[in-house]
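Both complexes below contain chain A, partnered by chain B and then by chain C.
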Partner chain A sequence: MIIAQQKNIKDIAVMVEACEKVLLVGCAGCVTVCLSGGEKETEILASALRIMRKLAGKPLKTSTYIATRQCDPEFITPLEKLVGDADAVISLACGVGVQYLAEKYPDKWVVPAQDTLFAGGSTEHGRWDEKCGLCGDCILHRTGGICPVIRCAKSILNGPCGGSQNGRCEVDQDMTCAWQLIYERMKALGRLRDLTAVQPLKDWSKAMGGGPRRMLREDLMAK
Partner chain B sequence: MKYLSKLQAILEDGHFAVTTEIGPPKHASAHGLKRNAQILKDFVDAANITDNQTAIVRLSSIAAGVHLLTGGLEPVVQMTCRDRNRIAIQADLLGAYSLGMRNLLCISGDHQQFGNHPTAKNVYDLDSIQLVNLMSRMRDEKKFFCGEEIKEYEPRFFIGAVANPFADPFEYRVDRLEKKIKAGAQFIQTQGVFDMERFERFMEMVRAKGLDQRAHILAGVIPLKSWRAAKFMQTQVAGMIVPDVLVDRLKNAAAPQSEGVAVCIEQIKYIKENIKGVHGIHIMAIAWEDIIPEIVRQAGLFPRPEVELD
Partner chain C sequence: MNELLPPCTHACPVKTDVRGYLAAVARQDYGEAYRLIRANNPFPSVCAWVCPHPCEDHCRRGDVDASLAIRNLKRFAVEKAGANCAETPRARNTGKNIAIVGSGPSGLTAAYDLANLGHTVVLYERNQALGGHFLTSLPTYRLPRENLQKDVEAILAAGIIVHTGVEVGRNITVKQLREEYDAVVIAVGLQESKELPLPGADHPDVLKALPFMRQANLGENPATGSRVLVIGGGDVAMDVARTALRLGAGQVTVICIEFREVMPAHTSEVKEALEEGVSLVNGYGPVEVVVDNGRLTGLKAQKVKSVFDSSGRFNPTYEPDVFITLPCDTVILAVGQGPGHEFINGSGLEVNARGLVIVDTTFLNTSIDGVFTCGEVLTGPGLAIAAVASGHRAAMVVKQYLNGGKWVTAETVQDTIGVLPSAVADRIPHHNRGEMPVLPAALRVQNFAPYELGFDEKTAIFEAGRCLSCGLGAQVFADKCAGCLTCQRVCPYEVPLVEGVARMPVEGCQACGICAAYCPAYAITVDNLNEQEIKAALTAQQSNTPLVIFTGQENRVDVLKSSDLMTVMIRVPTVGALQLEWVLSAFENGAAGVAVLGCRETSSRHYGGDGALKGMLARAKGLMVAIGLAPERLYYCLPEEDENMVPLLENFYRKLQLSSTKGVEQP
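Then we have the complex of A and B:
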């Protein structure tokens, strides 16, 4: 899932300081699961903003809505009336949701309440780790199910580099060396031989850097 | 031409090679490089020029190579994968060859976090093993990395790589070294050796696989000026192992600098006489190049052999 983290409330308040009424839109997708932009967090942010503005002598009216998914036009269409009544929309979705709202409501000031961090998952309560680099060319079948593209600080495909010691990455002692993990897993699976092949150059054109990517499924498109 | 470079000639004629390392300056003048070339040219067979080591911006490795060459010292151009994509790497190496560089050392490069531009984006379009592989192919099959033919004047580098016996997983370091050799590495420089016992175990595994027959291995040594330098290497530099006994020896020495030199000479002699499969020594006297002639003399490695490239 997409992991996102709420911005500092002061920064969010500045984005809507000229507004008298704002709509806060949460998302029931990834950001609900990573506890940053679901129903609970949306209500808390709304009341926190109201309190801040009340203390500043410039009260703010808020309304809230939780979209099943903000990354789908179908689920943000029902917002039309609420959006119309507000001076601005604060999205608590990831960067995808913010853009869907902005595109759907071209006349409305839409701002992000979150910093979208990465694709990953929870590894213990209150901790999330990045697992996928969204590189568009998966090689997990060659690296024992552990991704060096995103979990190695250098994205090295023939690792580990000379900075790996005691299973730790040179960049940060709290960071596990992905290649140590790959080595251990391949060893346990009796597949160390697979690591002896020189891995070819990666096709980064499938990753970011070439403009926004697109996936087409002609079989699903309207004729 | 039988050999691609003087370094290759030294190694393949069976001499015990002596190389060193020069870090270019953080400015745009060549005076220090010229001075280093003058001091070192009779004492080493070739000198690596680091490529923005520890990700700190310095005068370029290739440009520094030109200054060394002019000063009579054969350069080993270092090329990291951190700062250039496959297009820039090829372009710069075509340029380096046209300027007379003949030795190339392919490395990943220190992460930019350690340098003076920690917010830079790293490139790592390719890694060091891929670089070795594709530069060998460029020489032997006359092909750019994309496979397109180089019609004439392909660069013909003597290609090296590095190995770190002190990084983990220990046993896999030998497998990875084999991978580098398979990719085309002709010479290998190791990380600075302080833990001799671990290095001996590493070389045992290297010999068991016959890797010392397939590439020339140069053991790295680092002369230390003080116990603080030793402590720094021990605690702050990733991928190093410095035994406490060495730190203590420098700490208790009346003259730490000469003790550091003595340690280095002992290490070189020990490696040369006792560890089979090592074909040379790579002295990394970080910002202490002046000491190298003394080390080379006292280690019994002076004068350097004369070789013919043809």
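Then we have the complex of A and C:
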């Protein structure tokens, strides 16, 4: 899932400081699961903004809405009336959701409440780790199910490098060397021999860098 | 329709909302506790003393440490509430007249219900006072008669006409009553003590339990010798033995067929009888009352080999040639009760071989149209509270009859919550059951005064707080659940199951509310935690700058009543269930400060939630700084055991007032 983290409320407040009424739109998708933008967080943010503005002598009115997902246009269509009544929209979705709202309501000031961080998952309550670099050319079958593209600081495909010390990465002693993990897992699987093969060149044209990517399923699009 | 009841309520014949009144006691709302106790039972004061509490036998707290002391809490609540109970509204007069025969628990209950339905109810009682076995059979040290009087007066206040000293079957017949009234309910109970066909049992010094107790209770002081032998192993036998002691018998022995561990008497009754000096001879069956020269000198008994047969039926077998003879001057038989037959005279009522009135068990009507029955004369011996339930049932069928028909209503199927999983039981903090203080045995045998002294308020509140609130746990709105696993990860009892969406097995959920506090999608509601009430309390406070206090249910907060603090008190099952939104809402609605009263582990109802609470409070304070609220306005207080919280809160409140005059807040 997409992991996102709420911005400092002061920064969010600045984005809407000229507004008298704002609509906060939460998302019941990834950001609910990573506890940053679901219904609960939406209400907390709305309440905190109201208090803040009340103390500043510029009361703020808020309304809230939780979209099933903000990354599908159908789910943000029902907001039309609420959006129309507000001076601005604060999206608690990831960056995708913010853009969908901005596209859907081009006349409205739409601002993000979150910093979209990475594609990952939880490892324990309150902790999320990045797991996928979204490179578009998955090689996990060659690396024991551990992604060197995102979990190795250098994204090297034939590791480890010389900076791997006692299983730790030289970039950060708290970071486990991804190639150490790959080695141990392949060893446990009896596939160490696979690692002696030089990895083929990776097709980075599928990764970000060439402009926004698009996926088409023509079979589904056939009219 | 299916209804899932907590085990206590399910076990109660009148389905008393035990869980509800225990919660009311815990929050010191004694009027509400009394209202709930009396809702299905017109004998709250009597049952508070003598109910054999099947609820306690089924209490799931017994799987943790010990079942709740429910009856003792009922007594506490009833005594605290005093006479402050709302009258039951009566229906408009129907013009129908109903005769009730007998004023025991079933008769008075039927009379009360029917009077409240607007019928004219006339009660016939052969004694000079009302109450049936409550009046004549229970010793006063177990049931002070003012308690019976209080309940009877409240019942009669429904407008029931009473004829005492009238014995149906002797002074008037059922047939005559039927001619005079639109319906008749026979609730005469079981009036006769059973006899034993033993040689010598016709001796005048062989007494029967019910007449003996009746004489004792009506002040007629039945004569006994100095050595009394009571035959029987039930509660009545214990009552008889302990009454004989109080009447002055020098030596009282109870002999019964059953071995100690299977005696029908309640364990506590046996224990208290032994404490008072009663001797107990188990495993012997009476063979002969020994009479020498016309004088009763003893009881010969034979050793029992087994009491029950292989199918569990009472069918004692004896050791051949193993006898004992217990010397005594008086024998009292307490071996069961049966119906009297006076009331049948001239009625034409059909009875079965046991002397019980033959009825249609669904509609309770006898062989005479319009004549119904209820209570022990219908069911045989049972609990008094079961007789109350039978009285309610009789009132319902009479109502149907008077409305011109009889039909079976689609009754709700009532089931109960399953066994508490051992993995959950292991995670529940153990707390000792509140013990009822009693007078020492040497003092209590000197007279018939009550010897159970009653809970003090502190004991009662803590004891009520031990309730597991079975069935008031978390519910999931499946359409809102994101399956995020948060509930599973924060639950101190590891109860939630997440398979697609979350599910909270009712057997395990402890209703702490922690999962609801952390659900990111507001997909969980907890029946034990009324969020709407909390939100209403927070939004109602407005601008008079009160102190909002969130407290776990364990903390006693009645002391605040003596304080001048302007407070809004919000009780939650545990402060671990506190939600950041509520804290913000308090400030948004004008609170000068928010105090969170935690609870020490020694008295905590729930382990867990502390870490989450500290994290939430840290976040709250950080957020308060960011939005311009002084973080000092949020105060977490973890008082020492028994520490008075009022000075702590007053100190906090004073600091708040000082802060506000200094203008600490800078938006």
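Note that in this section the second predicted complex is superposed on the first by the 222 of 223 C-alpha atoms of A that agree within 3 Å, B and C clash if a C-alpha of one lies under 4 Å from a C-alpha of the other, contacts with A are read in each partner's own complex, and residues count from 1 in each chain.
The working rule: a residue touches a chain if its C-beta (ideal position, glycine included) is under 8 Å from a C-beta of that chain, and two chains touch if they have at least 3 such contacts.
All of these numbers come straight from a predicted model, not from anything done at the bench.
If you put the two complexes together on chain A, you find that chain B and chain C both fit without a clash.
Contacts of A:Glu184 after superposition: chain B is touched, whereas chain C is not reached. In the superposition on chain A, A:Ser155 makes contact with chain B only, while chain C stays out of contact range.
By the touch criterion defined above, A:Val171 lies against chain B but remains apart from chain C after alignment on the C-alpha atoms of chain A. In the superposed pair of complexes, A:Gln199 makes contact with chain B only, with no contact to chain C.
Panel annotation: after superposition on the shared chain A, the angle at the CA centre of chain A between chain B and chain C (CA centres) reads 130 degrees, nearest 10.
Using the contact criterion defined above for the overlaid structures, shared-chain residue A:Met52 touches chain C, although it does not reach chain B.
Across the superposed structures, the minimum distance from chain B to chain C, using CA atoms, reads 28 Å. Across the interface of their complex, chain A is touched by residues 81-82, 86, 108, 110-111, 113, 122, 124-130, 133-134, 145, 162-164, 166-169, 172, 175-176, 178-179, 182-183, 191, 238-239 of chain B. Those residues of chain A lying in contact with chain B across their complex are 153-167, 170-171, 177, 180, 183-184, 192, 195-196, 198-202, 204. Looking at the complex, you find that chain A touches chain C at residues 8-10, 28-29, 32-33, 35, 38-41, 43-44, 47-52, 54-57, 66, 122, 124-126. Against chain A, in their complex, chain C makes its touches with residues 480, 482-486, 489-490, 519-522, 580-581, 584-585, 587-588, 615, 623, 626-629, 665, 667.
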